[in-house]
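Below is one structure, written out as structure tokens; comments come after it.
The letters A, B, C and D name the chains in turn, as written, and every chain counts its residues from 1.
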């Protein structure tokens, strides 16, 4: 297998300890949980998405396992501003704060609370199961551009996380780029639903949700590939990454780093496990790998 | 498990022996192959998509297994008009001819060759890996409407098969409905890609392809659900169906029948296996199941 | 560990047994093969999905406290629930085991007791009517009861009963009950230098039950109650949020009444 | 059957051995654990993916016929290929086995022979230079050679050699070679009433190799050569397209030169 050189990296304006980042909303609700994942080998962590008001999220079931994946509709539960307390003690750690809002002003406001602490922001314009938020915003290039621009005013690197649930993801990627994004994260979950035939109703409390995990890996690779062909800013691959080879594959498609979410379900030590396989002293420089499959 | 009453059904103007239909492009290149699947328990079969010119399809690799799925880029290989000979002997069988073209005229022309033999047409406006065909057409409501209308002139029931790779599948569904479709088939494959890290290039000859199989089942259920909420014509669920319970689940989401493709890879007897579990004498009438999860 | 569960498995309620004025046991079928201390996510259709310990492979024992439990209480024999489980680690015992349970927290311990794994059981309740499972526990082991109001057994807290017992005799002390009670137990074990013998069954807000969402994470180590627990040994939770605060559905901290505003218990002082 | 393969497994070419002017064996590593008669889909990057029998677990033996095989012939030791396999059913033999091979069709039979499963081998080639694997076959079993031009062994077709043999002695007759040759073998077996003892390794246009695309389906039963085969017993293909036509990449029929325009061989007539 191809391996990489170990060492710190900078992606989209954020210094990271390695190429493996915890994805938003996965074990990211508390500072302690984020710290644990960093200790277990992540090169950086993205927090749970934080919004303008505290929210309890959708009623359960919120998450079920499916074939090679997970279907979730958490509904963006979050402690809102109180979350600043969670990450205070993580000031020296590579923490990216994921935020959401219903318009550019809300995005800017929420970002403002964290501007002192966050190494970067990740804009969630892509969650497929929160009415008025997330993908409701992220399918419109103009809105994405404006939200990005609004948050960029804080002078902290802005990553924009895209939904795959659009006809052409590159139009959204270009909007983020024009809005001043430092990087694009692709992708958030793929919209999906499961129905309990015995109960004769959708399983998720919210009825539909977002699919993640290995099932969507080919979808994410394709999104990264397409964005690499159109955008100049760095891309961070996300969706179904669960092995060192997946990381290399994402990078060859065009990603400079990856985010990993659902794979923590199989083993919370996944970052360390991937890291051990991914890096060797005589590994290849990442620059020689990123986008190489485009020939 | 919930079971259905056995017996012939009519869906979208086509008489079928049961609710289980062979999906387009899967074991559908020859009359003999279609006949075999009918013998093995399918209630109807959709042929390989036939176009205006014979085509060899993409260079290999054309298909690889992925986690809980299959990624393919066949590239619509087809014998074109010569295919009429394949299905002549299947005149009395429930055969739906899948067709494609680059515009309404081509669709009408190809359909014309089969108007005498086909019980129905299925318009492939959704294949994600054939430049100028398939999804290139199926992402534009206006074109879908026109192609549907063009084929409907033959007086044979027209099913329109949709791509999930759009921001809002219901706009395309409505276009098909307005164009005179007798049913909607949802969905075709989900765009995806895999890269061989050792070879440093995409595996598929065509680079990207379409994902099918169990991995996409929740995506297909969600598409059927959304279409059921917006369209009046029957919906046929397709994508990842591999068990009797999946059939019931698709039906509860709103499908009147299902198509099954990738599952034949695990076992070509899948139709018979599902049929044995799905039908019992004291089963529920399908009308009481279709769409029931919408409450 | 076994495969994580996928879709909720439908079960049918076969019997509903009122245990106390506020607690009922729901017997269901098919059962969930599991070991004592494991739990399930119980889907009450139209309402919510909530974590419940298995009081046996065929039952949950539920206290009505809010919407979902109230909805559960409105169900009848023949109605259906969805179950995702078994989840979590369960108790790990061998040798001689002391169980200490309070309130509905007796549920997971019952499963351990009927498995013949408990030699002595300290059972606490607010009042006589609220005592859970006393007859069946008494038939399997040595039972000592305490009630806050003295209507049955010792008049006082279940922790008082620990004074009448040689803790050192026990290889494991399995505990479940209100967190404030569990904290007191842990303090005593710590004083006796055997915090590591304690196995505490914890409750935290749970959404996924599979160790992925993070809603049940505890400070300061980020342990996930649903996956790393719900059973933790005493030494694992000694210097933690345990007994101080928990989190609600939004992830905001909720302090226990007895915990100071700063969220710190000075253990020595509160005990003396 | 074993799990179907997923991504192509990269292998490195370790040696390239010219066998005849148009045929080379490519030895690669790692090998593909498999049984004789199984095949692999060989990915020649930038060109195509094509089916090839395994002549051993570590080799394929290839005749240059078109683009992809030509590209393969341009590769050197150290270059890499992708392999999806093993695929297909392989030969099933026990007791006494006769092998009949022609041209590059000897490849899958070699694997069977070196496994010690063949007692007599009838080997055909156009001319002396094109004879494949004669020395290694001769060292494992009884070898009889025929060449079309008489430059080695019997002057004539490999089928002629069958006349000198008591077919009834053999439990299995494993056959691979040009389809026209195989048809002649099948005709003889049929006349001898032992078509069911024949195991024919068939070639059809393959795209997926996994039994899903349908490009390798044969008339009239829709048998998939990649999955139900590539080895079929003689009785399975007696009344079929075998020997009459095959299909190209588009799915259109391509008739064998000897087959009539109507696509029908009147077997009795053509033989007499």
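Some observations on this one:
Here, contacts are C-beta pairs under 8 Å (C-beta built on N, C-alpha and C of every residue); 3 or more make two chains touch, one makes a residue touch a chain.
It should be emphasised that the depicted structure is a prediction, and the values quoted were computed from it without experimental measurement.
Apart from chain A, which is left out here, the chains connect through touching into these groups: B, D | C. Set against the C-alpha centre of chain B, every other chain centre is closer than that of C.
With centres taken as mean Cα positions, chain D sits 67 Å from chain C. Centre-to-centre spacing of chain B and chain D amounts to 35 Å, using the average Cα coordinate of each chain. Chain B and chain C have centres, each the mean of its CA atoms, that are 51 Å apart.
Chain A and chain B, compared by their mean Cα positions, are separated by 33 Å. Annotation for chain A: residues 66, 194, 198, 201 touch two or more other chains.
Residues of chain D in contact with two or more other chains: none. Viewed as a network of touching protein chains, the structure reduces to a simple linear path. Chain pairs that touch one another are A-B, A-C, B-D. Those residues of chain A lying in contact with chain C across their complex are 25-37, 48, 54-57, 59-66, 70, 72, 74, 77-80, 82-83, 194, 196, 198-199, 201, 203, 205, 261-262, 264-265, 268.
The touching residues of chain A, when paired with chain B in their complex, are 1-2, 66-69, 71, 139, 165-167, 190-195, 197-198, 200-202, 207-208, 211, 214-219, 221-222, 225, 240, 245, 248-249, 252-253, 292-293, 295.
Residue ranges of chain D in contact with chain B, taken from their complex: 4-8, 10, 41, 43, 45-50, 80, 82, 84, 207-215, 217-224, 227, 247-253.
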